[in-house]
Amino acid sequence: MTRPLLYGAAIFMAALFVAPFVWTLLTAVKTEAELYTFPPSFLPETWRWENFHTAWTKLPFTTFLTNSTIVVVLSTVGQLFSSSLVAFGFARFRFPGRDVLFVVVLASMMIPWDVKMIPLYMQFNFLGWINTLKPLIVPAWFGEAFFIFLLRQYIMSVPMEIDEAARMDGANSWQLYWRIHLPLMLPALVLVGTFQFMNAWNDYLGPLIFLNDQSKYTLTLGLSMFKGLHGQDFISIAAITVVLCLPPLVLFFFAQRYIMDSALGSSVKG
Amino acid sequence: MTVTTDTVVATSSRRRRRPVSHMVPWLFISPWIIGFVAFTLGPMLFSLYMSFFDWPIVGERTFIGLDNYVTMTTLDPQFWESLWITVKFALLFVPLNIAVGFLLALLLNAGLKGTGVLRTLFYLPSVISGVALVTIFSWLYSYRFGVLNYLLGFVGIDGPNWLGDPSWALVAIVFASLWGVGSTMLILLAGLQAIPRELYEAARISGVPAWARTLYITLPMLGPMLLFSIITSIISAFQQLTLALLLTEGGPLGSTYFFAMYIYDNAFKYFDMGYAAAMSWIMFGIVLLLSLAVMKSSSAWVHYEGEVRGKKGDKS
Amino acid sequence: MDLMVRNLRKSFGAVEVLRDIDFHIHAGEFVCFLGPSGCGKSTLLRCIAGLEEIDDGEIRLGGREIDHLPSAKRDISMVFQSYALYPHMTVAKNMSFGLRLNGMPRDEVDRRIAHAAQVLQIEPLLGRKPKALSGGQRQRVAIGRAIVREPSLFLLDEPLSNLDAALRVTMRAELAALHARLGTTMVYVTHDQVEAMTLSSRVVVLDKGSVSQFGPPMELFHRPANLFVAGFIGTPQMNFLPARLLRAHQDRVEVEVEGAPGALSVPLAAPVRLAPGAPLTLGVRPDALTLGLEAGPQVAAKVTLVERLGTESHVLLARPDGTRLTAITDAPRLPGPGATVTAGFAPEAVHLFDETGRALPRCVSPEIAALLDSAPSTAAMAAEKVTEEV
Amino acid sequence: MTKYASTALSVALAGLLPAALAAQEEGTLRLATWDDEESLEIIESIAAAFEAAHPGTDVQIEAYGDGYDTKLSAAMGAGNAPDVMYMWNFPAYAASLMPLNDFIERDGAEMDIDDISPALLDVSRIDGNVYGMPAGFTTHVIFYNRDLLEEAGVAEPEAGWTWSDLREKAAAASDPENQVYGFAVDARPDPYDFEQFYWSNGTQFISDDGTEIDGYMNSPEGAEVLNMFADMIASGEAVALNIGDDVSGSALFRGGNLAMFEGAMWNKGGIDESGIDYGIVGLPAFEGKPVKSAINSSAVSISADTDNPELAWDFVKFFSSPEAVAMRVNDLPVRASVAAETGQADDPMLAPFFEMLEVSEGTSPAFLKHEDWARMQENLSAAIEATMIEGGNAQAHLDDAVRRSARFLR
């Protein structure tokens, strides 16, 4: 295939994917009246950058940001550790019941969240965790099926001989996990980290159900407060949306090169 | 308890100990087991229990046996309509999601300049939270004020009423969900990265054309990640809720009234938790069967480099 | 140290992949496990390495029973077919990983790495990651990783199979030199008989999960213990013809070859107890199959192909019953394809096998006998009573 | 002037009298609302006034926006409901709410219960039990754009007008080429609000005893309502809302693209901000029939499981007291006295709301009459939407809705 064709495709796709974001950004600096014109006005008459500040200070967004950060950081660390550990257990050992258990792992992805919610609420209420950030953090320390599955698939693409070599070198199972597989999983771990970060950052139902007090709210809950039963504050929603996108985007921009930096591949085969 | 079963299976009559202790695998997966029992199994069984009740969110609960299941399959036309809509959606979404994700991953793997930026741009929509994405799409698709039809107008196309026309709304939702193809793309990209370059070089030297290299090297080597993407796509197709709930509210004329949304409505609009739980279990069953079928078929097309040896011995 | 394997048995589920494995490798020996793919040679190696659990039998290294020990405690190093280098570690880290895990002091680790790197000539590569190495370099690193641990036994699983032909020859020589230098016992798995014949002092030939013959390379060639070894060792393959025992004498037998009138009198090293008329298989290596011989029993065959290789030529023949034969000759004038020729064989060049495939004790020429006797381990082998015939 | 004076006085009185009684009632009171960020400030100031009057109490406001029902049902299902909460869907939640009859009987005189319109109390009454005290309300009216009507050369609407008047004016004002529409018809209205048109045309969704929908939901009068709206869309007099985009009528009105628009108090703030020159008039009537409006009330209820019913009741009482009601500027006062004192009842921009409240007494919304109404209503919504999309044929769609709903009436 010719390069120019590829570049053309790449630019076209990129434009397609960026358009919604640009549109949001432009909306954020418009006046409300400009939203409902036809033909649509792409550029605002005046760029009202103060919309960002206005939206941010309408509600205690700095508090929300702190809460979101705590949830995201703690849950991501926990998720990376626990899911990789469990994935390694499933990928590299044979034990009775393993395959059945793994189907259970898969199955646990398939339960609609809305039905689990009330029992979960009761349980967290019993533990005294309602209106704390714990329900949003602690479960991540026990691994999540999606990530376990993802990492297991990755580990299974690492030749078994690497493990055998390490075993012959005297590595026990923990060392095999910690010193061989964890570094090898790096690209997949960055993926998991990104996904978990995004899930926690954008989670709406969890915080809605488990948090009561505004001082505990996360950013998405704050965002949703611009949307009442009758009508919504489009400009503020757009402004906060843009702000909300930036941290994950910046993080992803720096993290993504590790996804490409797979040590595997050409290195293990002759 | 688990350890005991393990010892029984080690049939060797000899004094010899296995190289790896029986306990070790269980230690590795113990976080998940604890988490599963604590945060999933209980709620799951509880919802199964609920499904045999007339369970309003507040007030009296009555045991009604299988009534919920009987009602939904024999008396409730919406159950079948929603199921059919969801199946249609899955049939459109799963192949497209995989295909687009794969093509984008290939594009990013082609070694173009500025790939880092492209990757970020492709992934951008996945970063935007569902609620915000919905707002954006309602502007894009808007019949009167929408950018999409405005742009289509330039090329002489009179755009359809995307969200207002029952025959277009589902398609519009499929397109909108494809904006979130970023995760599939990344997963497949990570898989592509793990394919040894030598395989391509060898094939190129033997004069295999590019399309054939993709078909005969890339796809088979990508097996594990493709399998993952297919199964998770199926699951997410069946659980599709946000877009239907916020973008079309199930309309027009119920044409995007997904199964998951009907579950949601039963739970939070009609406050009928028993019925919602029963529907969830039906959906759970369907998705589980589909996934198992895909898994089962996968042994024919997925190849694992590091498969644990002695698979046959596993059964004993 | 010496490696002793006794009555080893291994199954994967219902499939028995190794049975009655029994041999003794002396300290300092270089032994190859040779056999076609699927014969169990890699599994046997992995059992010794501790990567597979054995179902029965015992493995002793230097007299110490190791079969119940985890791999790391067995004092064994292994070089994998794919090298299995740790992709995320530099060459130096790859080699030192095992040492560091065992808590070896830093300076000792450094000393050993430096030494191994010097021996293998990979000093400039120490800071690189495997990705940045060529196939041959990776091979050296894999060997380096094995030798720094200074084990009592090296296991090598087809270490040369991923290299190109020229590099393979070089590395073969280097491996031999390395063995000479280290003096450590080495066990080497290969399906390539050239490697086995050139490198090892003795060869374990495996067939369908059991040891077919264990002996020095020349012993396998000149005195194959059975049909399998006879057919497996030597290129082109030995020719086999159905035959029948006419009469057995003290030091020789008279044999009639199917389709070849007349009796062939074959000398034997020891008497056999077989009834006249017993079916035999007669084996003759291609270079001993003479075309157009005047005397003795001969078989008729049609030439199907002539391959001229310069110093010699291979003539491929087909008998009327479909049996295929190969003859090697250095005669300049050869019959063309389609011609019918007769092929004969010198009695002292033939191998005889009984109905079960076991070889009748062959009488070899004095020169060859001397060669076989000079092999270092023959005496020990005799003492060992290695009778592996199935 | 009088407004501020009276408010200050009431706050002072309210603060002094119960303060002595409430001194020992301390603790945290959880208050759940569906308010968005804009209206939240009002609740916060009311809560602050309550805290000032009840030293030692802390009102924790929990605002869930449009996630309100999801949150509340999860909390109630798990038995951890807030002490006091906004409420409108009484049939769904009644089992978890505390009947207020005893409290009202005890304190009714003190709180001057007769000042509150009975029509508003009716909405929170089930089987004779009152489950919530109204704090604010709105009825439905027509907002009209003076400039657009003038341009079209038609007179401004006046109280007592009819739908044919409206259609005439709408037809005159419509100019779709220039994105100007005479009226807006919501293709997916909230059936709760939509029932006002059924009432105005002399019918209702479901029989008074809640056992029959055939002949009600699909009555000829009902079909007439649907067909009329569909016809307005088809003839170009009105623009259809909620088919293909989520641009709201109030947004179009604020943008000057809409001459007339049916709305409620919650639309008024935004319209005021837009600077459009507009007027308000009551809903039009169907020829020769009395006009009715839906009543949307914000009531506050007490959880049946609250640990502190007395404190919760104090708060509810305070919330519907004249001073708190006066603080709620985003909807209408439930107390006639407050409406009169603040002059709201005479304000031409508010009077039509009160007029609509007066004429709408005695209506009973469908959801109070049958526990499965929420499910039946889904079929009705589908029928309305289908009629609007198809441009008519209401009778068939309504018959279908009745047929699909029949199983809930068993």
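To keep things simple, chains are lettered A, B, C and D as they appear, and every chain counts its residues starting from 1.
By our rule, contacts are C-beta pairs under 8 Å (C-beta built on N, C-alpha and C of every residue); 3 or more make two chains touch, one makes a residue touch a chain.
By chain, UniProt protein names: A = Putative sugar uptake ABC transporter permease protein; C = Putative sugar uptake ABC transporter ATP-binding protein.
Just so we're clear, the structure is a prediction, and the values are computed from it rather than from any experiment.
With centres taken as mean CA coordinates, the chain nearest to the overall protein centre is B. Contact counts per chain pair peak at A-B. With centres computed as the average of Cα coordinates, no chain lies farther from subunit C than D.
Each chain gets a centre from the mean of its Cα atoms; for subunit B and subunit C, those two points are 53 Å apart. Work out the mean CA point of subunit A and of subunit B, and you get 15 Å between them. Put simply, the C-alpha centre of subunit A and that of subunit C have 56 angstrom between them.
Our note on geometry: subunit A versus subunit D, Cα centroid distance of 39 Å, whole angstroms. The residues of subunit A that reach two or more other chains are 35-38, 117-118, 159, 162, 167, 204, 224, 227, 264-266, 268-269, listed in rising order. Residue positions of subunit D touching 2 or more other chains, listed in rising order: 70, 73, 77, 179, 247. Of all residues in subunit B, those touching 2 or more other chains are 19-20, 57, 144-146, 267-268, 273, 309-310, 313, listed in ascending order. The part of subunit C that touches subunit A in the complex is made up of residues 46, 49-51, 70-72, 76-78, 80-88, 97-98, 101-102, 129-131, 135, 138-139, 145, 149, 162-163. Residues 159, 161-162, 164-171, 175, 179-180, 183-184, 186, 263-270 of subunit A are the ones that touch subunit C when the two sit in their complex.
Those residues of subunit A lying in contact with subunit D across their complex are 32-33, 35-38, 58-59, 117-118, 121-122, 125, 130, 204-205, 208-209, 212-214, 224-233, 236. Residues 69-70, 73, 76-77, 92-96, 179, 187-188, 242-247, 372, 374-375, 378, 382, 385-386, 389, 404, 407 of subunit D are the ones that touch subunit B when the two sit in their complex. Per the touch definition, subunit B reaches subunit D in the complex via residues 56-60, 75-78, 138, 141-146, 161-166, 249, 251-254, 265, 267-271, 273.
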